[in-house]
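Below: one structure, written as structure tokens.
Which chain is which? They are A, B, C, D and E, in the order written, and residues in each are numbered from 1.
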Amino acid sequence: MIQEFKKIWKQYAITMLWLLGLLWPLLGIHPDGTISFKQTITVWLYILSGTFICFIIYIINSSGNLKFFTEPVVNTSEKLNNMVQNMPSWIWKSVLLIGAVLYPLLTGRYPTDVAINVLLYICLGLGLYVVAGLAGMLDLGHIAFYGVGAYTYAILNVRYGIGFWVCFPLAGLSACIAGCIVGYPTLRMRGDYLAIVTLGFGEIVRIILNNWMSLTNGPNGILGVKTIGILRPVMENGFSFEIFWVKKLEYFYYFALVLAILTIIAVTRINFSRIGRALEAIREDETAAELMGVNTFYYKLLAYAMGAVFAGFAGALFAARMKFVSPESFTFLESVMVLSMVVLGGMSSIPGIILGVIALIVLPEVFRELESYRMLVFGLTMIIMMLFRPSGLIAAKRKKMMEKKS
Amino acid sequence: MAHLELKNITVRFGGLYALSELSFAIHTGEILGLIGPNGAGKTTIFNVLTGVYKPTEGDVTFEGESILGKKPHEIFSRGVARTFQNIRLFSKMTALENTMVAMHCRSNKGVMGALLRTNSQKAEEAFIKEKALEALKFMGVIQFADTVASNLPYGSQRRLEIARALASEPKVLLLDEPAAGMNPSESSELMKDIARISERGIDVLLVEHDMKVVMGVCNRIVCVEHGIKIAEGSPQEIQNNPKVIEAYLGQPAAKHD
Amino acid sequence: MSAQPILELKNVHSGYGSIKALRDVSLKIYPGEVVAIIGANGAGKSTTLMTICGIVPLEKGDIFYNGVSVKNIAPEKLPPLGLCQVPEGRRIFPRLTVEENLILGAFYRNDKPEIQRDIEHVYSLFPVLGERNRQKGGTLSGGEQQMLAIGRALMTKPKVLLLDEPSLGLAPIIIHQIFDIIADINKNQETTILLVEQNANLALQAATRGYVLETGQITLEDKASSLLHNPEIRKAYLGE
Amino acid sequence: MSKKNFSIMAMALLTTLFIISAASAESLKIGSMSPLTGPYASDGTDIKNGVLTAIEVFQKQEGGIPGYDKIELFPQDDVCDPRNAVAAANKLINLKVVGVIGAYCSSCTIPASETLDEAKIVMITPASTNEQVTDRGLPYMFRMCGRDDDQAPAAAKFMKESLNAKTIFIIDDKTTYSQGLADGVSKNCKALGMNVVTHDHVNQGDKDFSAVLTKVKAANPDILYMSLQGYSPAALMSIQAKRMGIASQIVTQDAVFQPKFMEVAKEASEGVYLTYGFTDPTTPEYKAFEQIYVPKYGKIAAYATYAYDSTIALLKAIKAAGSTDPDKIKAELMKLDFNGASKHVKFKENGDSGSSYIAFKVVKGEFVPYWEPTKGLIK
Amino acid sequence: MDSFIQQLINGITLGGIYALIALGYTMVYGVIQLINFAHGEFFAAGGYVGVIFLSFFTGLGYMETHPIFCLTASFALAMMYCAYLAIGVEKIAYKPLRKEARLAALLSALGVSIFLSNGLMLTQGVYDKAYPSELFQGGFSFGIITIGYLQVLIVCLTGALLVALNLLVFKTKIGMAMRATAQDKTMSALVAIGSNKIISLTFGIGAGLAAAAGIMVGLYYGSVRYDMGFLPGIKAFSAAVLGGIGNITGAMLGGLIIGMVEIFGAGYISGEYKDVFAFIILIGVLYFKPTGIMGENIDDTRV
């Protein structure tokens, strides 16, 4: 035990010295030919004291001296966990649902806005889950389908005045077609080769969106996208319908919620069907899957198409919400973020991915107060999360199929 | 009667001949052994039979029909199933799921079925599960149904692989070194299983180095070396064939076994 | 047989993460011996070898080599001491040539002419390797790969050679060649050999002493010849 | 176990952070939106600094706003990404800010202003020059900087009249701002009878312009018009143009009005012309700004001045309105008529404040006023 | 024709820069199969440290008296700095994840990338940093064609580094050990190769090369910027994959091709779509040769 602490302290000390060595050239060497240490040491001491406190807490915690505090917390969380597990699933599902429905009423505008982002990214993340989590194809260009969906609605709406409900399936369809176009040439590739090709496709889509002036209005984006209109029956003057424009953020939240729930249900169902099994088999061993009668070509294409459709739907909703689309929303970094959400969530568990989405959307918002330090802290958080939970927030659980029977 | 037949198969990789002018057939109802030194082309034969490689020359027929150029999954659904030399299970899936994957070609419900969970889709899932469980039971690994494949003991993984191949009720089963890494008592257990598989009316092609297994279970044996068939005949004939002894068995082994 | 064992395992516990593969395993190997470990699949035979070499972490107990504890020594520091393993499945470097594989066997050594001589020696033991010295390791057949793996291990000048399943997946004729060479290495180069083998018959014929490993524990230890004639062993491991 | 504990603690930490951030003191709150991280962080930081300076100056000169102890700024990072911008806008709404200065990218200003409009919050952009910012008719949208369609004619006129240009080669880097401006310049130049040889594009983030500059060299136009977002690519392009031996005069625009341009481009910046709203550095208003800004943040850049004026305008209006009612503030904003640091501020009906674009020339590492549309060369 | 040659020269220069960055990518990938997203940041850090030292020397006045010494020292210090940075990053952020799924390390690498670029922004400021401009300006002129001294330097240095790396990897025992570690880490340990050391070494060399590229970019373009690592990072990654990831000569070739396609695409077809051409070439090549131009065919259909 003591030896272990020694080792940890030694590592900590080395890390801190390393950091000092890194900081000094950046802060202490000046273009006028002078050398200073004060600034470096100050910054370093700040970092040192900050990390030292965290480190002490960590050490005390791992030696069990914080039990008086953590134990009750852990116990309650475990009890809660057990309770949840013992409860029939419909109970906690409905609790969650009620919570989700009441959420915008209980909170303000800004939390609702963040929640809408979370919901849209759940659709995106689950779409990517079908491609990357189930079929195991590393996709670094998923945001392109989101973009295609968003632009489909924006263009059809602004140019031709077609309403949301007609465009919504069309957005899914065009994203699906885009998915097949991306999917087809990539089917021969594996692993990182696939990743770079999907990255390429994602960038190509973005560049086209940014440059095809006559269609997409280029970098200016498309303005004046109409929001969702729903027909509402009106009783005055006899029975008729009037179009009700969904403008309030809360209403939008419900649309996003419905879409997210439908996506969750759809992906869950696909997951536990023969299609899901076939995709998983492809992920585990493509050659063996082909030799066990799975048409890998078809199913990989299908995975792309399905993943794209969910992204396309989310895109259409995004366009309707922002009332404006521009290529800045569909950059490579955004694709990487979606992939990060899936990986952080545990790659192959749907609740995990939802948690991953929440973490990566909410954290930058939490860090908003840090202004310029925001992304620095965010990057650090990502590393720490991965180091502590390398297999994702929630590991996938295999469905026990035999228990049901007995 | 020839059930699955190789006719004058030549496979070339670059300039190297992996197989040349090789012909033999698996007849209905038999267990055919395939032996030969490492690198003789046994696995290549498997790959040709299952459509992984397209032979440079020659033809492969199954039930009288050419299956040349067919995709591996098509050949599988026609009824040619196989196992692998190095176990290739879907390692993060449970044993049952592994076996259910093989039933893929015996089912056809698509995306809409899955999304809507129609009654016919549910019935199909139940049917797939039933067949898969049956196969697991047959190979004696039913107790592992909910265990993730990679956590299974080695011998059971081998068995699961055979169960997976059997689930779809193939007509021909190709086994690639199923006894590799098994101890003698495990291999004798395996011999019984192979016999039982044969009793179900499935033809078996067996590649194996363990001569006890090969000699004990096969009706007929083909010996290949450097992609050329050097002998074919009953176990007795093969054991005494000087060419086979020279190329493969070696003198002391021939005496010993 | 001298009194001082060259390799000794004392109450070793080890495993991968939560799975305990070895429980309280004790072994003694004396200089010049060929010791065989036999056992069923998953009994922990390979884990034993990997624990000795420090690849699988040791949880409890200790390992002594030449009377010195090696439990805190990094795996890559062991071959220079004379402890070398030929792991299961050969694991030659497939995209390196035969010659490069051999040179890497002597990675820690800096005596160039000596290395060259040793390479020639390996070629004389396995002439087929000499013929294919420019070929990539992955293009060799199974038997040749096994020879290369043994040859590569010899390049480290081992005092104790750990051999894991040298007969796996090989044609009978090759197996006999390999075992002949193992015997030769033991005799002519005074290398102690710890042999793990599925094929108990072969292993016990080649060995002087044997251990039986069952579900991570040593259940029997005896002279190889007596084990070979032990009826229970014959029933359990020789398939009679 | 310990990992679990750790994650729980981390969550607890984050929650506290969240709570702390939500709580705030009684004060007049205003918000700013600009990219504080990402590729445009430099311009975004300039804007934030300008706003902070304005608050300081305003409190010192006018003694703050009655009824409030202090004026508090909530600077938001929008990374120049519309989604982030809308989130930032909503956050500001939640914080109940009275007005917002921002954003930088037009593609952020547009969706963010729609959101702010729903909550009736006044927004003044110091940097988004796209016409659509004010042309949508949003009642609470104001603009301190000029518009692309103000700058383009000025630039064209300058090139024609002062530089006697006949052929012109236009390069933009495909952003809302740069492309809009480049299109405008192209149109205006053609109208004035100049020959636009080529209108070519590069991409945001490019460092290597050798391909397009080789084309320029082959075409040998009188003028190379660089419409690039930010001083950074402009400096790179000037350096490479000089190295290639391109003899054409270089004309560029207001985004390059940043002293760092000369610092990076060095001698390659000598003789580069750019159009920028006229700022008289001798006015007392500018001096007041300079006094506070320079010691704290260094040399003054384009958007800092506009951000400063935007804030001053907003605070003046709030003070005059005597309340935080958005309509009253808007009314007061419309009434405003004062000398800012950058120019004389008077908002038009649509929210624009007009501009007085003149041409500057880089002489010995300084921006020197060179030409004015009405009077011609400035001596 | 003249401008064709000029474009060719431009293309080779840009390609050379990509190639240098891609070399590091490919080496790291070759050894631990990690797409090191942070590699672009090492490149940026190299550029910054280079300018810090160069301006430091200028400030001291050594630049005028001993220009060659200052330049060499800056190169060496920046390369060492980045190697030091990369080795530490590997130890902290990647090594603990080596046994986990590969994507965990990928995500960690992304975190490192975000962290480093923002760290650079915070310590070095949001504005571009100018390089001392008097170095290597000018060049050879042949009529309308100009070849800058720096272009020559970039191409020569890239070529020299390629040769040196190839010698290191294919002719020395360390190189053999690197290749062995790439193929089988456990087995490497069993033949006395310390894989941790080899991996550190690989990271060090890769980051050193990126740092060299960073300084050259700084010198060539005149300035560095905190976010300069991102785009070249992606391009270099593409280049490494195009050439067959893990293959040194391939990375070089890939870098040259991407650079050329970009320049010629921009020069003769359309500037705004030049990246599209680069990616289309990439996709096209990978479609017909799924393991890249020089990539070894890892045939996993062999069952």
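Everything below uses one rule, namely that a residue touches a chain if its C-beta (ideal position, glycine included) is under 8 Å from a C-beta of that chain, and two chains touch if they have at least 3 such contacts.
Treat the numbers as computed from the prediction; the structure is a model and nothing was measured.
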(request) Could you tell me which chain lies farthest from chain A when each chain's centre is the average position of its Cα atoms? (result) C
(request) Check D-E against C-E and say which one is joined by more contacting C-beta pairs. (result) D-E
(request) Could you grab the centroid distance between chain A and chain D? Build each centroid from C-alpha atoms only and quote it in angstrom. (result) 32
(message) I'd like to verify one number: the distance from the centre of chain A to the centre of chain B, where each centre is the average of its C-alpha atoms, in whole angstrom.
(response) 43
(message) What's the distance between the Cα centroids of chain C and chain D, rounded to whole Å?
(response) 72
(request) Using mean C-alpha positions as chain centres, tell me how far chain A is from chain E in Å, no decimals. (result) 30
(message) If I count partner chains per residue in chain D, which residues reach a count of at least 2?
(response) 37-38, 41, 45, 174, 201, 203
(message) Going by the contact rule already set, what residues in chain E reach two or more other chains?
(response) 118, 121, 272, 275, 301, 303
(request) Would you pull the chain E residues touching chain D in the complex into a rising list? (result) 2-3, 6-7, 10, 13-14, 118, 121, 126-130, 133, 137-139, 141, 144, 146, 148, 217, 221-223, 225-228, 230-232, 262-267, 270-272, 274-275
(request) Give every residue of chain E touching chain A within the complex, in rising order. (result) 29, 35, 37, 48-49, 52-53, 55-61, 77, 81, 84-85, 88, 92-93, 96-97, 100-101, 103-108, 110-116, 118-124, 234, 237-238, 241, 245, 272-273, 275-276, 279-280, 282-283, 286-287, 290-292, 300-301, 303
(message) List the residues on chain B that touch chain C in their complex, please.
(response) 36-39, 85, 153-155, 177, 180-188, 209, 211-212, 247-250, 252-253, 257
(request) Note which residues of chain D are touching chain E in the complex, please. (result) 37-39, 41-42, 44-45, 171, 174, 200-203, 205-208, 210-212, 214-215, 217-218, 231-232, 235-236, 239-240, 243-245, 260, 263-268
(message) Help me check something: in the complex, which residues belonging to chain D touch chain A?
(response) 1-10, 14, 17-18, 21, 36-38, 41, 45, 48, 75-77, 80-84, 86-88, 90-91, 93-94, 105-108, 110-111, 114, 118-119, 130, 132, 136, 174-176, 179-180, 201, 203
